[in-house]
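These notes open a run of structures that come right after.
Shared between the two complexes below is chain A, which has chain B as its partner in the first and chain C in the second.
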Partner chain A sequence: MDFYFGLAQLIGVHTLLGLSAYIVLLTGQVTLAQAGFFAVGAYVSAMLTVLAGWHLAPALGIGALAGAITACAVGFPALRVKGLMLVIATLAFGEGVRLFFFNFDYQVAKGGIKVGPLGGEGFRQIRFFPEHGWSTLEVMLFVWTCVVLAMALLWWFDRSRYGAVLRAVGEDEIAAQAVGVNLTAAKVSAFTIGGAIAGVGGGLYAHYTTHIEHSSFNILVATFAIAYPIVGGLRSVFGTLLAVIFVQGVLIEGLRFLGDWRNLLFGALIVLAMNVRPAGFLGGARRA
Partner chain B sequence: MLDILQAISDGVLFGATYALIGIGFTLVFGVMHKLNLSYAAASVGGAYAGLLILKVLVGAAPWQVFLCAFAAGGVIGYLVYLLCFHFIPLANPLATLMSTVGMLLLIDEIIVHTTEGMPQNYPAMFDDVMLRAGEFTLRGDLLLVFAISVLAMILLLALLYRTKLGLATRAVSQQPVAAQLCGIRVGGVNAATFIVTGLLGGLAGAMIGASVGTLSPLLTTPLTVKGLIVTVIGGLGSIPGAIVAGLLVGGFENVLQLWRGVTERDLYVMLLLFAFLVFRPEGFFGRKAATD
Partner chain C sequence: MLDLKGVSRTFGGVRAVDGLDLTVGDGEIVGLIGPNGSGKSTTVNLVTGLLPLSSGVVYFRGEDISDLPTHKRLEAGIARTFQNIRLFGQLTVWQNLWVAQNSAEDRAARGFFSRWLGGQKAVRAEIAQLLEFGGLADKQNELAANLAFGEQRRLELARALAAKPKLLLLDEPAAGMNSEEIGQLRSRILSLRERGITILLIEHVMELVMGVADRIAVLNFGQKIAEGPPAEIQADPLVRTAYLGGGA
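Moving on to the complex of A and B:
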């Protein structure tokens, strides 16, 4: 049973990652920076629980804040460009964050052993859950509480004036600007919220894997982040969830019996999915 | 001082391969206004395919391997077009972005699968030649890489500005609808663009393999990032821009490698990109409004 709880944790964290890209994609911006915010959240909250001995919940909050601040700071210069230029700018930012953590050492001796991030070796011994005796089921429930909260927040946004503004910007920037929408505010706020959600996801990821290193936040993670909402479709948050279950549950776990061939099939299936449903699983014809 | 000069010259020579990759990105962008994220992976894939000839023809000369990589790159380029662009509505930029990402993963995995993840030795030419001027040296193999890359760029420019296909390509990149009304088959031009960039990519992959000495699937990600950075710094859609930016990035990163070490090197390349995004988002030669 623990295997399935573990899988559910993974799906939960990846859903957060996908949702963080979803809200940015709503404004028509394609971002490959989500792995960077994910990394910032992971390192910040793990350092708070391990080095400062905080409880997980406030540490996650600070991780989310750190992700949001980073996203806001990146958002202003990066959103000077749009479309494909933004893809490249955010890709470079994500790689920059990864390289930063590749060179980042901050170790503290604690009970005879040194803990903390150590450059290329990564950050080991993030043992909040085992130290506090949380079972896999409890961890899973905690992860999914965060996921449900994030999904509810985005679902509510979609039904509010703010969501309409985001979608208006995504559909046609000039038209949105003509009716008085502040483009910069809409884009940067979506970016910031996305950064916060990615920060929470990163914090949860760091604590359930207990070991993070720079390569856990590479371009592949960033592409997964935008792949979920795109494959799932931008109609609603449930598309993202569906895509995460499809990719992590069906493609990665379900095809395990194929052994080595699984990875080959994975890329091919994404190509196929985009050929068959260019607007995503739950996407309408309108955005095609 | 000599160290810096040496680092710059080595970097600029190697930068010619970045320029080739950058041209591939920029050409597809110029013609189709699409990003082909699988391009660097396809280039490395072409270089790997070049090694296949060693299986058939034992002891094949390096130039035969390069030629094979060049041809294989073209084939892969056409396959990428067919699988990732041909059947997908071009009005949807997200769909082709995603399909090329899928292609990137697929090519990467095919490489890992067929080589069992082991780095492969790549042949080089003139690697025993050294041009010396006192302490200052120029590696023969890097010079050859540079010369071949420059030759490829000249041929590409000749193709674009001296042939009918080039004229059609430029027409499609300026006004696809008007070009179609003039009787140009837009689909055919797009496919041809992918074949030409694929050929360049295969050559670039072979040159990178020859100058590094080994090929590994780990090359694809840094190459993708460097190629995109070169594209932005040079100006999206600008071929001379990609050439200048490729040489610049090559020299820049080698100097910083000398100063700050190989682990921090790429961090400064990212900072260079951000400096360009903030102060000159259109790059060296891009049009002022070239933001989309």
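Moving on to the complex of A and C:
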């Protein structure tokens, strides 16, 4: 049973990652920076629980804040570039964050052993869950509480005027400006909210794996982040959830019996899915 | 209402608009005509701030707005429509009007508390009026992309009005319309004037612009070559030359 709980944790964390890209995509910005915000949230909240001895809940909050501040700082320069240039710029940012953590040492002695991030070796022994005796089931429920909250928040945004404004910006920036939308506010706020969600996801990820390192936040993670909302469709947040279940549950776990053939089929099935439903599982705006 | 003083815009070496002086008085309908590429649409983009000025000053109600971003100019009361329709196709008709309510008073009313204290009702009532004006009441839940061409034009006009503008810039609103639709457009434009909205009308269709404008300015190669009442403009030899070419 623990295997399924573990899979559910993974799906939950990846849903947060996908949702963080979803809101940025609504404004028509294709971002590969989400793995960077995910990393910031992971390191910040893990350092707070391990080095400062905080409880996980406030540590996640600060991790979300750190993700949001970083994303806000990325959002402003991102306003100046569009399309492919933005993809490259955000990719460079994500790699920059990864390389920062590759070189980041901050170890403190705790009870005879040194703990904390140690460059390329990563950050081991993030032991909040085992130390507090949380079972895999409890961890999974905690992860999914966060996922449900994030989905509810974005669902509410989607139905509000704010969501319509973000979509208007994504459709036509010139027209949006002409009807009085503040482009800077719309784009940067979407980045900031996405950064906060990615920060929470990263914090949860760090704690259930108990060990993070720079390569946990590479381009592949950034690609997954943006693939989920695109495969799921931008009609609603549930598309992103469906896409994560499809990719992580069905394709990666479900095809394990195929051995090496899995990787080949994995790509082919995503291409097939996008051909059958070009606007994503849950239809909607045709954009990618 | 609107004063352009020596407004210029260059693209590379091309002077798209060259030292243009133009005044639009309160409650006036001013026509801006000229051959293709004479700088009419560029002028609209300069007034709304979608393009920065190369030189010159734009005054709106006596204030220099040359450095304001587009959304601030809209808040001040300048709205526009586009020559090639630019709706939010994947939003519904209703949502297209909803996102366009960005006048200063609407922004002020959008505070968290006032929204729960009946503000939402006022928003709905206003959108219902706009739908009525555009003859789109029965289409409010359709995606804008699925509307017929004439309906899209009407929605774009209604969307510009959602900002409660004092000055409305119409960029070739009659393009692609038949003469019956042009007649309807004419009465719509005149009804806007009665509401006190000042209009700058960029148009190719002479039938429309000669019928509604109080005054017409003619552009050619970015420069104003004539200005006056419609009858005078129609008789102007310079204007005829610009449109028909050759040496008259």
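Criterion: the second predicted complex is superposed on the first by the 283 of 288 C-alpha atoms of A that agree within 3 Å, B and C clash if a C-alpha of one lies under 4 Å from a C-alpha of the other, contacts with A are read in each partner's own complex, and residues count from 1 in each chain.
Methods note: contacts are C-beta pairs under 8 Å (C-beta built on N, C-alpha and C of every residue); 3 or more make two chains touch, one makes a residue touch a chain.
Note that this is a predicted model, so its numbers are computed, not measured.
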Fit-or-clash call for chain B and chain C when the two complexes are aligned on chain A: fit
Which superposed partner A:I252 touches (first chain B, second chain C, both, neither): neither
Partner, of chain C and chain B, that touches more residues belonging to chain A: B
Chain B versus chain C as contact partner of A:A164, first or second or both or neither: second
Superposed arrangement, angle subtended at the Cα centre of chain A by chain B and chain C, nearest 10 degrees: 80
Which superposed partner A:L7 touches (first chain B, second chain C, both, neither): neither
First, second, both or neither for A:A268, with chain B first and chain C second: first
Touching partner for A:C72 - first (chain B), second (chain C), both, neither: neither
Partner chain in contact with A:D172 - chain B first, chain C second, else both or neither: second
Which of chain B and chain C A:V181 touches, first, second, both or neither: second
Superposed arrangement (fit on chain A Cα atoms) - minimum chain B/chain C Cα distance in Å: 10
Contact residues of chain A, present in both the chain B and the chain C interface: none
Chain B residues within the chain A interface of the complex: 29, 33-35, 83-84, 87-89, 91-99, 101-110, 112-113, 221, 224-225, 228-229, 231-232, 236, 263-264, 266-267, 270-271, 273-274, 277-278, 281, 291-292
Residues on chain A engaged by chain C in the complex (per definition of touch): 161, 164-165, 167-168, 171-172, 174-183, 284-286
Complex contact set, residues of chain A against chain B: 25, 30, 77-78, 80-85, 87-89, 91-93, 95-96, 99-100, 102-103, 119-120, 218-220, 223, 226-227, 230-231, 260-261, 263-264, 266-271, 273-275, 278-279, 287-288
Interface residues, chain C side, partner chain A - complex: 48, 50, 69-71, 74-75, 79-80, 82, 86-91, 95-96, 98-100, 102-103, 110, 159-160, 162-163
